[in-house]
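Here the chain labels run A, B, C, D and E in written order, and each chain numbers its own residues starting at 1.
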Amino acid sequence: STGGSGQGTTAAAGGDTSLSSVQKAGTLTVGTEGTYRPFSFHGEGSGPLTGFDVEVAQAVAAKLGVKAKFEETQWDGIFAGLEAGRFDVIANQVSITPERTAKYEFSTPYTYSSGVIVVKSDNTSITSFATLAGKTSAQSLTSNWNTLATESGANVQAVEGWAQSVALVEQGRVDATVNDRLTYLDYKKQTGAAGLKVAATTEDQSESAFAFAKGSTKLAGAVDKALAELTSDGTLATISDKYFGADVSQ
Amino acid sequence: MSPTDLPTDAATAGAPAPAPLLTVRGLRKSFGTNQVLESIDLTVGRGQVLALIGPSGSGKTTILRCLNGLEVADGGAITIGGEVTIDFGRVPAPSRRDLAALRDRSAMVFQHYNLFPHKTVLENVLEGPVVVQRRPRAEVTAEALALLDRVGLGDKIDAHPFELSGGQQQRVGIVRALALRPQLLLFDEPTSSLDPELVGDVLRLIKELAVEGWTMVIVTHELEFAREVATEVAFVDAGTIVEHGDPKQLLRNPTQERTRQFLHRLLFPF
Amino acid sequence: MSPTDLPTDAATAGAPAPAPLLTVRGLRKSFGTNQVLESIDLTVGRGQVLALIGPSGSGKTTILRCLNGLEVADGGAITIGGEVTIDFGRVPAPSRRDLAALRDRSAMVFQHYNLFPHKTVLENVLEGPVVVQRRPRAEVTAEALALLDRVGLGDKIDAHPFELSGGQQQRVGIVRALALRPQLLLFDEPTSSLDPELVGDVLRLIKELAVEGWTMVIVTHELEFAREVATEVAFVDAGTIVEHGDPKQLLRNPTQERTRQFLHRLLFPF
Amino acid sequence: MNQSTWDLFLSSLGPIILGAVTGTIPLALVSFTVGLALALVVALMRLSRRRWLSGVARVYISIVRGTPLLVQLFVIFYGLPSLGVLIDPWPSAVIAFSVNVGGYAAEVIRAAILSVPKGQWEAAYMIGMSHRRALTRIILPQAARVSVPPLSNTFISLVKDTSLASLILVTELFRQAQQVAAFSQEFMLLYLEAALVYWAICLVLSSVQGVLETRLDRYVAH
Amino acid sequence: MNQSTWDLFLSSLGPIILGAVTGTIPLALVSFTVGLALALVVALMRLSRRRWLSGVARVYISIVRGTPLLVQLFVIFYGLPSLGVLIDPWPSAVIAFSVNVGGYAAEVIRAAILSVPKGQWEAAYMIGMSHRRALTRIILPQAARVSVPPLSNTFISLVKDTSLASLILVTELFRQAQQVAAFSQEFMLLYLEAALVYWAICLVLSSVQGVLETRLDRYVAH
């Protein structure tokens, strides 16, 4: 990938070429997992890359007057790739957290969602985040839902992703998993989620946004502007409706 | 220890017309389509020494291996000690137990010594009597030390084989065989892997054993030694015993042309 | 090919008082703290045959290896062909080029043949002359075929070494050495790895080479052979030449006690 | 390296080493021991003259070596429950790694047994030993020496492979590094730190191998 | 297996095999070839009498074998850019895997060279060969035969290890399986399917190994 802006974290405020180099190259290089349904995945498994985040990123690129080019990697490598200048931006439901804000630039959020506790249907002991204390919960390490589960006092078991978390709940090896409501809804739509239920939903919304290398403020600003336009022209709502039957971008 | 210590041999050792200790009748053996032994007949009396000579690949080693039960013959019969006959022609074929019976009565000294490299000299000797035969360790150790002393290795009992010269290793090999208290000793070219100056030590030892009355079958190319030590020589060629007889007679005046050629090649190499 | 074909040898072969082809003076060699050669002096005239005899570990092989430049001596000097003297005492030590000069003038036949197993018989022979010496392939091939034919291996040129008997392999080893057109042939116990009946073929071949006038140094335990073929015998013990002289004389009546003992052990092993 | 990176490095060394001591090392040791026993059985099956026995061993070895360890772990942990077999993370990991070592080490042991000269079998039979006794008292001790270098390679590979155990809820060295990395977003640093600890473990193993070889060498021809 | 599972299995076989053909296999082949050349150099350095040369080789081998491949990949792809070296995914993968093979195969080649009897060196010197010529014409051809089995093990490991390349943006067999798994939520089925394809590749490799051994055997003593 030579499409990356390449300035990494070194760009000082004065020498921020993040936007100009994207414009010069004519491409916005986007890092994404490609295996995170329904946000970033391959249609029919082996078809072209698609998903909510993917389409939003494409729309943003169009507003910037460039083409979006996607680089797929595992979560482990995604921030390293951003720092190494392998891509300009991450579009992968990156939640805004204080640790991340310290290290990266963020756009304005384009997804607002809540967290849900998913348990077996016959589970009556977990009814709220408070009752999660002392229970085991399967979490993907890198997501902010892990933080939430931990803060609720759950005994966290680390897994690779949503599929494994759900398998563990179904097999009765853990009591629960905390994840994005949207992820659960998609899973339910696809598989029926027989034997599972939502035990509780968070009060607060979590916010996901595009992440940029530190110092890429000009690019982040341009993306913010693009997002605002996409919101006002209804594009975001349309994309959201396609995937979730509701507008999650507000 | 000498074979006269053994109860079964005590009565007959040194007797004028010894009863046969080993009888082989019609022994046959093939490897795949290669018929290695055609129909071997042998008789060795108690206290007698049979020397087997013959060209490379003629089947000498295979004969010894059949006698020791290391190889299962395809046909024929072997009797050792007059008691047990193993008939290789019968159906079903001889069992492991039958082969073990052969092995119990004979012991073999190998061309390449085949000592156990991870065991000391003494352990090499004790392994058979103590571990396999379950004789009392103290008794066997005393016997083994006496034997090792006798062959001039009393100071090497804690050495490992690789610390010994070839001649020393072969002497340990002979002691290992003796300690099994076999009725029959088998030697497969016991000196052909040795440095020429070390050959003497081993040959002298074997000669002493012959004098003491051990019954032996020796494969060898040392014609001088065969002439002096053996009571009978058999010439093996292409899996058959071409002729056999008194060593002095046969080695000087063989009746068969094949024997004559072989001896000539050995005696006048250039 | 015979050594008389070589220009440097043509004049002197068979001459009554041959000029020395090989001169060794004060050769010393240690491995670590083990002084293997103390101070070896040797002279071999053109067309002469020196037999080295002596106990195992006395340093015979090490002498040959120094002559062939396979081992770098610690001191002393070697002259082959009168032209080049390699002085191991000087500083700086002899270079690779110096050792190569030794190697160019001599060729060695090994105890364990050391043929190249991945090459055919013919390739084994051609490797040196064609690949190293860069002589014309056609010429060398013709020469090699003639040599192989002569040693009775004309029908084996495309065989690989493992398809040959030990005696055949050693004859290829000798042809490989001859094809290098050396001034000096070195043999390290050329028959001691062979089956007894195969020894004759190789000894006969070496004898023929001696008769043809090749200059040779032969390490051997075949006393009978040394007596008949060598022009001089040297007895090596513990890294020194204890005595040397006419084979018939020395082998019958050695002047030194050590030689006497060694010969006795070899001649009367039991 | 600036101060805060250095601080993170130091503060995460504790958890990573803890992960090594409580996860990686015991997991590797237990799996290797069990796997070695399994490997011996498989190697003997593979050497057996009974066709079906050696056939089973062949297929076992082929599957273990031909498929990714990750999948083997997943099958045991996530797959078996659908057949009603639910095994806890630690036992699952030990089973998977042992099965894996069993396949790789079986070939090593088989080769080592075959490398013992035939004359050793013959001498053992000659003194009256049964096949089993010849194997245990004469052949295997000699095969042991030959197999130390390749087996310690297997062990070193195993130590690194245990990082996959984090996929089935076992906390070990690499998981600890990932946890810190996920929190601090310093993947590069933490991965390098984990690599450093793995390397240290391997260096220790190599020196143990050296000692073992010298010790076993004493009893073997040179 | 019910109908829809079976359909999924069949429909995903295409992409998985495509991943093998366009990713896994060429990546493994290229990396193995480059790695083997590297390994030969490292093995010769390791055998060199010059202390510093063999020291460098030792450290290289130790690091490659003592640290996880994942980290090696990470350093090359994500770490080097901070030193101003930005390498594309494919070349990065080839470099990482070659460096890895170089370390493992170097030890194999070294052992194979040492296993050629000393007499072969002597015979080569005797006929006047230089060290280099003796090595290339006499020693290496014989070492080649000995190293076929361990090298094909290295190759089989490599084939499976290439799955890590997906971490650095290279699409191969396992990545394809993961994509389908992410879409269909059937990760068990897809992982098993991937394992099956790996196994098939390894079976083919094993039979190639067999052919190679027989061919090289023709020229070597029995």
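Assume a contact is a pair of C-beta atoms (placed from the backbone, for glycine too) under 8 Å apart; a residue touches a chain by one contact, two chains touch by 3 or more.
Since the model is a prediction, treat every value here as computed from it, not as a measurement.
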Intersection of the contact lists for chain B and chain D: none
Set of chains adjacent to chain C and to chain E: none
For chain B paired with chain C, centre-to-centre distance based on mean C-alpha positions, whole Å: 38
Cα-centroid distance, chain A relative to chain C, in whole angstrom: 81
Mean-CA-position distance for chain B and chain A (Å): 83
Where chain E touches two or more other chains, by residue: 74, 78-79, 82, 187-188
Residues of chain B engaged with two or more neighbouring chains: none
Multi-chain contact residues (two or more partners), chain A: 76-77, 80, 83, 164, 167
All chain pairs that touch each other: A-D, A-E, B-C, B-D, C-E, D-E
In the complex, chain D residues that touch chain E: 62-63, 65-72, 74-75, 78-79, 82, 153, 156, 160, 163, 174, 187-188, 191-192, 194-196, 198-199, 201-203, 206
Chain A-facing residues of chain D, complex: 78, 81, 86, 166-167, 169, 171, 175, 178-179, 182-185, 187-188
Interface residues, chain B side, partner chain C - complex: 55-56, 165, 192, 195-200, 203-204, 207, 221-222, 225, 228-229, 262, 265-266, 268-270
Of all residues in chain A, those that touch chain D in their complex: 76-77, 79-80, 83, 99-100, 103-104, 138, 141-142, 146, 157-160, 164, 167-168, 171-173
Of all residues in chain B, those that touch chain D in their complex: 68-70, 100, 103-104, 107-108, 110, 112, 114-119, 127-128, 131-133, 160-162, 176-177, 180
